[in-house]
Amino acid sequence: MAVDVSKAVCQQLMESSTATLTSVLRLHGLKNTFMHGVAPLGPGMKMAGPAFTLRYIPAREDLDEIPMDNLKDVQRVGIEQVLDGAVFVIDARGQTSAGTMGSILAKRLQVRGAVGIVTDGAYRDTPTIVASGLPAYAAAMNAHTNKTIHHPSEIQVAVSCGEVAVFPGDIIVGDEEGVVVVPAHLAAEVAEAAAEMELKEAFLLEKISAGASIVGTYPPDEATLAEYEAWKSQR
Amino acid sequence: MAVDVSKAVCQQLMESSTATLTSVLRLHGLKNTFMHGVAPLGPGMKMAGPAFTLRYIPAREDLDEIPMDNLKDVQRVGIEQVLDGAVFVIDARGQTSAGTMGSILAKRLQVRGAVGIVTDGAYRDTPTIVASGLPAYAAAMNAHTNKTIHHPSEIQVAVSCGEVAVFPGDIIVGDEEGVVVVPAHLAAEVAEAAAEMELKEAFLLEKISAGASIVGTYPPDEATLAEYEAWKSQR
Amino acid sequence: MAVDVSKAVCQQLMESSTATLTSVLRLHGLKNTFMHGVAPLGPGMKMAGPAFTLRYIPAREDLDEIPMDNLKDVQRVGIEQVLDGAVFVIDARGQTSAGTMGSILAKRLQVRGAVGIVTDGAYRDTPTIVASGLPAYAAAMNAHTNKTIHHPSEIQVAVSCGEVAVFPGDIIVGDEEGVVVVPAHLAAEVAEAAAEMELKEAFLLEKISAGASIVGTYPPDEATLAEYEAWKSQR
Amino acid sequence: MAVDVSKAVCQQLMESSTATLTSVLRLHGLKNTFMHGVAPLGPGMKMAGPAFTLRYIPAREDLDEIPMDNLKDVQRVGIEQVLDGAVFVIDARGQTSAGTMGSILAKRLQVRGAVGIVTDGAYRDTPTIVASGLPAYAAAMNAHTNKTIHHPSEIQVAVSCGEVAVFPGDIIVGDEEGVVVVPAHLAAEVAEAAAEMELKEAFLLEKISAGASIVGTYPPDEATLAEYEAWKSQR
Amino acid sequence: MAVDVSKAVCQQLMESSTATLTSVLRLHGLKNTFMHGVAPLGPGMKMAGPAFTLRYIPAREDLDEIPMDNLKDVQRVGIEQVLDGAVFVIDARGQTSAGTMGSILAKRLQVRGAVGIVTDGAYRDTPTIVASGLPAYAAAMNAHTNKTIHHPSEIQVAVSCGEVAVFPGDIIVGDEEGVVVVPAHLAAEVAEAAAEMELKEAFLLEKISAGASIVGTYPPDEATLAEYEAWKSQR
Amino acid sequence: MAVDVSKAVCQQLMESSTATLTSVLRLHGLKNTFMHGVAPLGPGMKMAGPAFTLRYIPAREDLDEIPMDNLKDVQRVGIEQVLDGAVFVIDARGQTSAGTMGSILAKRLQVRGAVGIVTDGAYRDTPTIVASGLPAYAAAMNAHTNKTIHHPSEIQVAVSCGEVAVFPGDIIVGDEEGVVVVPAHLAAEVAEAAAEMELKEAFLLEKISAGASIVGTYPPDEATLAEYEAWKSQR
């Protein structure tokens, strides 16, 4: 799993839509890659970067109703260790009756170079987070502090988010539709294929917009493919 | 059921709110006409047209993981047969872990004259669909392709959408609140009554805004009704 | 429970975020104060005022499919009795397959001085309500009239809204994240403490934005607290 | 609502199935009378009696984490006031993450003459309750004490249980399928009609078992009705 | 789809567990064959037979609150046309707030030779149905009559039940765990392979019970397979 | 966390009900200890033992659709390492559309000395597991194999089960109501206090059964406590 994915590949992935990326991943046999129930919290959000993961389990009062110690609390440790360019992914078991972090911690992640945050739970201070410009995806907004229902258990382990498996280092790509998980070892290949698919679909959408039937066009037959190749070579 | 509803009636229905239409339908004894859990995907959406229906059942790998054949795939056949002015309605059983169609097919529907799309599932490429200007209503956004969970079973049969019965040709009206189903045989009558109710409620809202109590005003007593008739005759 | 909270306190509460208020309430031992599943229906909403409550139970045809009598129908009576500056809170048992009120009644509440409306159900005519400028929070939009599923049972009793207890007179504070319930007897104290916490967090966010680690800053150690006191005295 | 229903009527209602009772109530225009999601907790349960209601709202720590005072706690007061022959109905808002009462309180109700208990929440000590022979209906079992999530708010008010309206004194009838609510003012009439319907359906089931088609039999045509009348007069 | 499956094959399928059948179907690439949320309503239920399907859509008052006509009502027509040896499968869209049929219709199906009934909704008169000995599977029990929420739309079309696709003639197999759908064209092959797998797993379970490690045993290595073949030849 | 709890303590815990144990744990400030939505799968189940945990994350085809290797597959490794007297606890994220294990693996656990199995997902071969006499608790039954939706990620880490935190070694106690988690370091103390509470509640239940009011009895006043002490000393 310890594949290092370059920023260039992340950038290329971000230029494709999550819909295109799920289609390319499907060609690799992966059919469960888009997070269910996780949506962007504001308009125009877009991001791509390796996952830095945090796993929450249910809170227990003797562990969670204690003074905060930034050097021991697993969430806080993770925030100070987040990698430049990473997307911070929190497994909240889909529970939304408390937030998973607020605006100050989100700001710290942003300052440290994180390019986005994702959870299948909620955030608190959501309006401030959205205003900060950090792409943020979640299942809900909830002002209660995380310790109400969550105990931070580990960082950088495999997690579930939106019922998709996320391994540390997997590339997390978000757009205005939601979030897709690209396994690290496939990232470069997927980025390349997705760029090509984006181009082809742009061409096809143009033809459809101009009145072509989907028959022969989508999926393209040989004539359409030839037309596409010609179009592409002239760009 | 084979009532043909004129474009003029559709236009008149679109000028009423879905709230007014449910009230008029209730007077006809119909109390379950507004789709549950189905919302507009962007601001300012408004549409009205006869339903062209597509029914999905759960996918089965031997039927759905095969090369796409536009002449046999029921979804694709439906898209090429959609009627001018229609609203394309997809019964997705309320399942949102995959899309029901993407931006290229939505564009084809738009080019062919469809005036809106509705599903109790999700779309993929939602941002592109929203940008296209085609009114689109759904329960969620999901980038996975339809065949992940859906098998297109039939077109133009009675379906369920948002737990409301939809027969082909029923008039589907959408506004910024959501979607109402007006049975075809009631459409003209409902359109007329709704226009009148809209006018009356505009008058009442004006009075309430000016400080009238709801007592005597909403519902209107005879004095208020007389006032309304006077107001109406002077417009 | 019969504590009267001043408009000044409500104003001060409104100047804090719901996230800050939940944190202050937690210091008083109250951990379930933010409504679950209730969200603002439009951008920029903000409100604070004492709760005026309405409780719905499930509808029964012989009680609810009768001519509307504004002098007997409990919802209507409540609307005409709402107090100036109040937030009208409707317990809808989390049911969203019908609205709890529409734009004309919402307008009447606004004219009578209500500063917001909240329900864990839905509204009808939501776009018109949002356009009116009255802050409105709900779990969904639904065009069906309330009597479809709701029977108005009492006003000004203790209710559940978003799985939080609400007593008449409790201060209901809404922002762009959602709604928090501040018990009346704690309102003044919480308002004061929240204002202080807002100030401190503004200072801390500034420091974090400038590159400070959370260690020593959030929560603040003695040095940071001293720095904060200095900063505060210079404002 | 203050109709007193005799024990004889309750007995007669108990001799009909809940399915028959919903059918008779439907003839009175009432279509939402069977509690959703509420089931008997053991085999062979059967009961009928007037509702004695208890309403829970969400717990608040300052009200609910205090020493128990049997003279003030609303649940406890209700238990000591329950009427002989009553069914104790608890509105738990459908929340099942804690119980609504345990075996000692259920035993006290039984000793005081209650003939059953119903909630759309859970009980704790469920196995002991079931073993006691008191008919008990709920949505789940949960060992946590009620105060974890519930605050007892009032007794003998209108409540919601399983999304059905329950007024104090309504007759609550349970069988092995679940629980139906018969409004007090209809109880005698419904009991009579249900007894007749039970008899007729027993006759029809006998005919169907013997090989009759449903055509002509269910619903019965005139010949079958005549046959039924003959059969009935010979019993 | 029009494969006729013999009673012998149905019998052989019924002798395997639903767990074994899902495993064999998985070898054919079919991974979604066991109905979700559908359970046997009584102990010891077991059945296998070709699906005879009924599709419900949401009710509409003008279609469903009318006198019952056994010659036109699609549910009733289906019941009188059910095939000997069939399992009657009702698509109820997972809605359980009313039954899909009651004990008289279930008895008629039984008399006509149906070997079981399945729905992802509920039944009414469930205790009577269970007592009749007809294997019955559902998501819940609910005494309300079907027309409260369901309109019978068609018989013998492809349906969804428990989020599995069911085509008329597919073999529906039920045991004490639940219900699996075996596509008709695979039935004979699956029945054969499942019988073999059952035998092998009986042998393996015996070994595991006697203390064997799963390593080498489950899945079996060559030595274990040889042992199995010897064991099998001696039966 | 590495507290070793004796078999005697487990035995003593098993002799108390889960309701009593949650009450004792509440006295230690722990209010979320009973698993939500997890129930015994058969009658008469009872168990207590230290948790041996297995964590599932969502499946990914390239990791999970491969030949089974008992030496590498984390589930299988866990089963062969389970400790004598342990309860095997599987975190299934509350997902029930596939099983988490079947009868052969459950039998292996039983042979190796496990005293129970718990999951917030489902099992397959449930009837066979129940028949084996191994106490088994789950949220549902589902015949699909685990790899359909689950990837076994780790053993012996902290997990969530039924929205309760479970650490390896915590004592898992099950009865006919469900499952409670007793933190290892509290086990001995809780066992002792629970035994005392059981005794006292048996006494109180006897008094209530004999007609005592709850006032003075439950909770007991000084006179009742004295009576209890006398009763206890005479046993």
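Going by the order they are written in, the chains are A, B, C, D, E and F; count residues from 1 in each one.
As a convention for this text, contacts are C-beta pairs under 8 Å (C-beta built on N, C-alpha and C of every residue); 3 or more make two chains touch, one makes a residue touch a chain.
As the structure is a prediction and not an experimental result, all values here were calculated from the model.
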#### Entry: Chains in simultaneous contact with subunit B and subunit C
A
### Task
State the chain with the largest centre-to-centre distance from subunit A, centres being mean CA positions.
D
### Query
Is the contact between subunit D and subunit F built from the same residue numbers on each copy (over half shared) or from different ones (under half shared)?
different
### Query
Whole-Å distance, subunit B centre to subunit D centre, using C-alpha means?
40
### Message
Need the CA-centroid distance for the pair subunit B / subunit F, whole Å please.
### Response
49
### Inter-centroid spacing, subunit E versus subunit D (mean Cα positions, whole Å)
32
### Message
Give me the residue numbers in subunit C that touch at least two other chains, ranges are fine.
### Response
31-32, 163
### All pairs of touching chains, each written as two labels joined by a dash
A-B, A-C, A-F, B-C, B-E, C-D, D-E, D-F, E-F
### Message
Under the definition above, what is the set of subunit D residues touching subunit C in their complex?
### Response
28-32, 57-63, 65, 93-95, 151, 153-154, 157-160, 163-165, 183
### Query
Okay, in this complex, where on subunit F does subunit E touch?
67-68, 70-71, 76, 79-80, 96-97, 99, 102-105, 107-108, 111, 124-128, 140-145, 148
### Query
subunit F touches which residues of subunit E in the complex?
17-19, 21-23, 26, 31-34, 36-37, 39, 163, 175-178, 180, 201, 204-205, 208-209, 211, 213-216, 218-219
